[in-house]
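In what comes next, chain A is part of two complexes: it sits with chain B in the first one and with chain C in the second one.
Right after this comes the complex of A and B.
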């Protein structure tokens, strides 16, 4: 028999409210390496799990500022120094004419940059040791699945299993993988 | 299994009590506004008096009509998050009939405000003669009066169904509200544009702007949302609708105010840029007039008051969730709306030698305060007469569990 190691414990809940209550309990009992896998985005889950606010808005703000500065610099360079043209006798550096481009470039930089940042940042796991494949947990269908990773400082297999059972979860199961713990 | 969704409703307050302070402040505002207008009329400064009256009456009319527009938008979009605070915009719309009648009284002062109200001027001017079939006092009274009646009818239909649902329940009222809301928004777009043309655009009957109707609508939307924000923030901080209205709902209302603030800048700049780019004398007259005779500082202050300051203040998330931070912004936006109406009306009256000089709008401000006070009295009266929360609306559960 090959050696196996336990990577964590899974437990199923049947509704968003139970999942919210469970997440809040897990957090208040001091667990940190846990995640909640749900079939849809449950309102209030970030608060219940104690997740901090995303840093992505700061990226959006920075990129918006960059878009403004870039658009202003580029338009002033092109329209005033590089290739000045006469539009209705207006001065070359006419700020009202630059506003629409500035606005659009601000939106473009901020929106596309935020989307790319969110995709890249989303690849990073929220838990040091990720749960098994989502489709194997039932969370893609109708289950609200709690995952506690064995990397948690409080981890003890029996205690963790009993704790998840005490939350009222069904089908509490330890996850074993072949080979050494890959945490 | 899902036990808490079936949990008992939080205790519904029987009626919303209006703090005596609010009633007294509103009554004091009415007295101040009435006194200022009476003084202006009795001192013979008719143009000043009617300008102040027009600014105040149109300001308050915008608040009242937008109350119904808010309800219609939310009904049509299926905005269940807004169910618990629906009585606020519903009560605002109680102003439509009295406010519409008061606004129509501007017709009495039309000769002091509108060039086209003088038959001799019209007959001597080809352009005004050409516009006379639309721009005459009878059509003003008929079209604006009909608009007010149509709004009143839709108000009775939509708000009536909402309050009937409190007693009878059932999905029928929700369907009625949704259908009527769709029809109302179409009718509103046309009728409110016509009202904007008569009350404000025709102050300078030679000038035209394709952005004007949408600008006046945006003004009403931004200011009306500011008033909704103000009331909702006060309700949350007073805990008057505890369990029904919390910072999640406030966050959404704040986002609406934030969105309208950005939209206002978009529209106002569009109007300016189109005129600046085309550089046609008939169009540029509007901004040239507002850049001379001392009006320039008033014009330059407007984007700061109505866009830059509220926009920057409302960017952080907490600024839209905390009553203490939202209330000052709402008050600033409401003041900025007065500023913009003053900038629309003030410079437009008088021609040539008699061109209006910029001045501190003391009488105009007092008049507007008076109208807001009267509006507030009607609003609080309407709000205190109904169940504070639509207790049988199908969207109530979603509103109670709303997170933003």
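Right after this comes the complex of A and C.
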């Protein structure tokens, strides 16, 4: 049998209100490497967990600016510098004609870039998570699952388990996976 | 006292108990007034776990006979499309109906028609999201899928309209060995390429982002390890973590904010194809808003058509309730009146401009040889949706279905009127002519419906047709939770329950 190691503790709640209250308690007790796995985004959970607003809009803004500059630069390069042609005596750098493509490229860069960034950020800007294929948390069904990772500086398996039980969670269980601790 | 304390939602079992009006709980409001709460968006006292089962079921079991029947019909029409396209490429454009002076025929009509249909999906997901219209959660997934498939159908037509579709890649500005010879960025046709492809890609991104949590639901329900691995990969290992939701929600909001102007821009740019020309009847400043509103109108009609099927054949009546249908009927009526207003404005401007050509074109539109098409368009788009002034009509499924089909027909004829009636008689009477669809034009039009319904039927078998996680978020937690709350709310006097059984209210 391969060695196993404990990677954290899970405890179930059954409604968003309990989950919010629990998250606020976990935070106020000084835990940092914890998470709440929920079937849908619970309003107020960011505040309860002490998270700041997501920085995704800044990425969007930057990418939108990139889209605008790229589209303008590219169209002017083609129409003015690389292959200037005379269409009905209009100026080569006819910026109003470049507006539609500039707008579309702005939206394209910003939208797709933001979506990819959000997916990557959900994986990277986080704490170690229970592996979804090995641990069925029920968080995609109807459970609001508190997760405290063993990487937390305060981590002690028994204490963490007792603490999650004291919050009123059901089905409190330690998560053990094969192999060395991921921390 | 909060909404959740008095929730009568557990007693609303189906459409027959919905009225489209708020539920009034006398005396339960602030300062002793009445409390009005909106009717539930999900009926049948569903629990969160039931939502998973009801919606994922269709993707997890062997398709029904009815599905196979519908799918085989759709496949036949898809086959017709493939056959007609091969014939068209082999024989050349001569087999289509276009000729001088009507050089833009059914392909452009179909293109504008399908792109218009594709507008409702992103409108529902983005604009209604920004306006906090929670009823969108029941219909947004299917509407967004409809958008994607409509854009697929639309994408075919400009390419085959080129006449030499094997050169379609010349439309893309990339460094090439032909000079490099670039496209003309001053041309609205070049703008179109960017608008349509951006719209398709952003709609796909928005749809897929919304799918992520539901793909994770499918993974957690899957029993076969390959299926689990597939959905785990497709959902990027989503586990519902709040630390992921935080960025996800932010990106979703940002995408909605970006998609909203995008929806309006796409049909604006499509209308530029017409409006930047010098053809009387096309060269008008009303075209962008006129096209956009017509697109939303036709898109909502198609959503109503599809939702009627989903309610009837997929048992989604608890999630797509009559209230959803009524809301869509209201939007349909509003946009129908805006479209009617645009028709009237066009006539007014044709007269008020004093331009003889403009005036002639509009007289010719309504009373010339294509007056029958104008009559179909005007009746279906501006007059028939007026039945929705009556609540009983808005809540009558058959009426909704028939009107939605008629609006789709009317909107196809709107594009027919715009394209054909302006081209067939312009400045010089010596170059007037007539246009008729050839049998291949009809085959390709019917075939595009085959492509659309094939894709849609595959979608309803493979992916969750309702946005599971979003629907869960608008359900009442006191009704939907799996395990009863430990601390029950204080029992309520019967006088406060407004005739609703007190036992039902206390079901928490």
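Structural remarks
Basically, the second predicted complex is superposed on the first by the 163 of 183 C-alpha atoms of A that agree within 3 Å, B and C clash if a C-alpha of one lies under 4 Å from a C-alpha of the other, contacts with A are read in each partner's own complex, and residues count from 1 in each chain.
Note that a residue touches a chain if its C-beta (ideal position, glycine included) is under 8 Å from a C-beta of that chain, and two chains touch if they have at least 3 such contacts.
As the structure is a computational prediction, the values presented were derived from the model and not from experiment.
Once both complexes are superposed on chain A, the partners chain B and chain C clash. In the superposed pair of complexes, A:14 makes contact with chain B and with chain C alike. In the superposed pair of complexes, A:166 makes contact with neither chain B nor chain C.
Shared-chain residue A:41: touches chain C; no touch with chain B. Once the two complexes are overlaid on the shared chain, A:28 sits clear of chain B and of chain C alike. Considering which of chain B and chain C touches more of chain A, the answer is C. In the superposition on chain A, A:53 contacts both chain B and chain C. By the touch criterion defined above, A:156 reaches neither chain B nor chain C.
By the document's definition of touching, of the two partners only chain C reaches A:137; chain B does not.
Taking chain A as the common frame, chain B overlaps chain C at a single listed stretch, which among 94-102, 112-120 or 166-174 is 166-174. Shared interface residues of chain A, touching chain B in one complex and chain C in the other, are 14-18, 53, 57, 90, 97, 100. Residues 47-49, 52, 173, 179-182, 184-186, 188, 190-191, 194-195, 198, 201-202, 205-206, 208-209, 212-213, 216-217, 219-220, 228-229, 232, 236-252, 254-255, 258-259, 261-262, 265, 269, 272, 469-470, 472-473, 477-478, 480-483, 485-486 of chain C are the ones that touch chain A when the two sit in their complex.
Of all residues in chain A, those touching chain B in their complex are 14-18, 43-44, 47, 53, 57, 61, 88, 90, 96-97, 99-100. Looking at the complex, you find that chain B touches chain A at residues 1-5, 269, 272-273, 276-277, 279, 315, 317, 401-403.
Contact residues of chain A toward chain C in the complex are 14-18, 23, 35-42, 45-46, 49, 51, 53-54, 56-57, 60, 74-75, 78-79, 82-83, 85, 87, 90, 94, 97-98, 100-101, 103-105, 107-108, 110-112, 114-115, 117-119, 121-123, 125-127, 129-133, 136-143, 145, 147, 168, 170.
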